[in-house]
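Labels run A, B, C, D, E and F following the written order; every chain starts at residue 1.
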Amino acid sequence: MLHTINKSPFEKNSLDTCLRLAKPGSEILLLEDGVYAAVKGTAVEQQVMQALSDYTVYALGPDLKARGIEEKRLIDGIEVVGYDGFVDLAANSERVQSWL
Amino acid sequence: MLHTINKSPFEKNSLDTCLRLAKPGSEILLLEDGVYAAVKGTAVEQQVMQALSDYTVYALGPDLKARGIEEKRLIDGIEVVGYDGFVDLAANSERVQSWL
Amino acid sequence: MGNGAKKFMYVNRRAPYGTIYALEGLEVVLIGAAFDQDVCMAFVDDGVYQLQKGQDTAESNMKNFSPTYRALGDYEVTKLYVEKESLEQRGMSEDDLMELTYEDEDDDYQEKPSIRIVNRGELTDLMEQQDVILNY
Amino acid sequence: MGNGAKKFMYVNRRAPYGTIYALEGLEVVLIGAAFDQDVCMAFVDDGVYQLQKGQDTAESNMKNFSPTYRALGDYEVTKLYVEKESLEQRGMSEDDLMELTYEDEDDDYQEKPSIRIVNRGELTDLMEQQDVILNY
Amino acid sequence: MKFGILVNEGPYQHQAADTAFNFTKAALDKGHEIVRVFFYHDGVNNGTRLTTPPQDDRNIVNQWSELAKEHELDLVVCVAAAQRRGIVDEDEAKRHGKNADNIAEGFRISGLGQLIEMGIKADRLMAFGD
Amino acid sequence: MKFGILVNEGPYQHQAADTAFNFTKAALDKGHEIVRVFFYHDGVNNGTRLTTPPQDDRNIVNQWSELAKEHELDLVVCVAAAQRRGIVDEDEAKRHGKNADNIAEGFRISGLGQLIEMGIKADRLMAFGD
């Protein structure tokens, strides 16, 4: 199952709720302002690193670039995908939950 | 100075930021979904009780009623005002900061 | 419910009135009821506030749509899952929520409660059983 | 600046692109610069992301408005206060921010930095000195 | 006392549009002056006459139009924000080759300078948004 | 594979409107089918032809209209949400006594049932919003 998060973890509670309710083994895609959760050294870094042991975490490349986040600043283990990869993730999951 | 907060403290970071930056002695008005911070027994109760020692905290009555929150459920010390009281608070403060 | 019925879950995470998502989300559920699918609703985070008793919008001049939740049973929307952790974080219990019921046609039309308090693990399992999840 | 000038502070608390507030907020600042008031900007919470270096929107097909911040100096908007605590929470330092400067007409047009890192207490004091605070 | 009112969100989606109206009405009832109501961001969507909300709900656009008529309020829709979102008066329609306009009674379209001017003239600027 | 696309926010204010478009385009490029694009909540505001964004910015409404033409997309604006927000086609204008309409090319106004039907027909329903 694919979960998407499009909110900054510093502004809204979407990441918290997703991590509380997503089944281990699920895929999580960070996009729009949600990509800020993927960056090293932030106040949510531990939470995201913990999540990486339960989930596969992706971040949307075009949204990282728009926000000036270079890939080397990402937490190890987070995979970058484009819109085509987003489509593949959705197609390959049985269902999608957007934590709007 | 009057600070207004219209967001739920469980959904957004507006309350946190307001309490970090508002000068002690200021007035804080909770309105719209912000009124949920005024209720007893929630996960932010301690934070709000602490705030009451530094600030005067108000909640907008019409927004409490819309959401089914009876006044007896409010944290002691929070004052309820109507739209007319909101106008008075704004008029009596030197400036207003809306933490949108 | 037909054999080809899909499982729809409407996840409500927003408080009522501050934004319109709760009201317009409810409109989807009511329309959807005519399509003979397997429908349930989940109330998570601030979504639990939608079910708060005693809403009165007279002074704020908005439309009070809370009575509509009582109609859900008649539309055969009978599974309203409320996350226990979300209630607790907000200092609420089932007593704070509206009493919502439905008549169980498979059990001599007995009146039964629609609200079911579930913990996070149960909600996770429920989500995994769905075909379509709509989040407001 | 006239004697009757008011002190305006534009408080930016949102990330760029996810919503339009940053872009349209900047448009207010640029227009406001023509009114000869005492203007400053504050960057708090996700607002600090607006000043991140190296923004490139080609693949997301949005308008990259970050170059506009470089024009602020020419509009005599020279006080950009960035909250230290907000940077730290996001694992950022001044090195991550665009280099924004202005020419100080009171000091032989020397080029000086517009960004000033302030702590929460300093920002509190600055807010208390304003006449008008606009929050995006 | 002179209030300036800034509305940043459209009708119905966010309560901000309602709160702005209720505040404005309460301020007028108390004898205060409203320098201007400025609609910015999605707030410009409060200025369309094409809404038809359900009959058992409030009509946010008409409420503003009526309050403006009664108190000679200056309701200003930001032109730049309106162009992005499709709020158009007769002049704007002509200027951009549109074959229709949708501005509501009592609203006018003008520049962002009107917001700054409102901030200068008003004793208090009140912002309502998301 | 069949995708259904739900758009819950208007153009420009939230990136959701852009993400929905970029996803839809990418899905089509990969040979997937788009059952329908349904515009709900403020998302209905994507369906007005009266926008004139700055020339150096993308035109979100036209992007949808052009993509719809190219791929015969079904762009549906929810009637109830549209009535609250003032998105109107010729029929709706007549029905509610409005003297103008503003629907953009390639969009049609219809009921919420089209959203449910899209959820039933599509293999995946993708929601984009705030």
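Note that a residue touches a chain if its C-beta (ideal position, glycine included) is under 8 Å from a C-beta of that chain, and two chains touch if they have at least 3 such contacts.
Given the structure is predicted, the values throughout are model-derived calculations rather than measurements.
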| item | value |
| --- | --- |
| Co-neighbours of chain F and chain E - touch as defined | C, D |
| Chain pair with the greatest number of C-beta contact pairs | E-F |
| Chain A and chain E: spacing of chain centres that average the CA atoms, whole Å | 38 |
| Approximate Å spacing (C-alpha centroids) for the pair chain C, chain D | 43 |
| Centroid distance [mean C-alpha coordinates] between chain C and chain B, Å | 28 |
| Where chain C touches two or more other chains, by residue | 17-20, 45, 60, 62, 132-133, 135 |
| Contacts with 2+ other chains: residues of chain A | 6, 10-11, 13, 32-33, 62, 82, 95-96, 98, 100 |
| Set of chain F residues in contact with two or more other chains | 8, 12-13, 15, 22, 41, 54, 80, 84, 125, 127, 130 |
| Pairs of chains found to touch, sorted by chain label | A-B, A-C, A-D, A-F, B-C, B-D, B-E, C-E, C-F, D-E, D-F, E-F |
| Of chain A, residues touching chain F in the complex | 6, 31-33, 62, 82-84, 86-88, 90-91, 93, 95-96, 98, 100 |
| Touching residues (chain side chain C, partner chain E) in the complex | 17-20, 60-63 |
| Residue ranges of chain A touching chain B (in the complex, touch as defined) | 10-13 |
| Chain A contact footprint on chain C (complex, rising order) | 11, 13, 44-45, 85, 120, 123-125, 127-128, 130-133, 135-136 |
| Contact set on chain E toward chain D in their complex | 6, 8, 40-41, 80-81, 84, 111-113, 115-117, 119-120, 125, 127 |
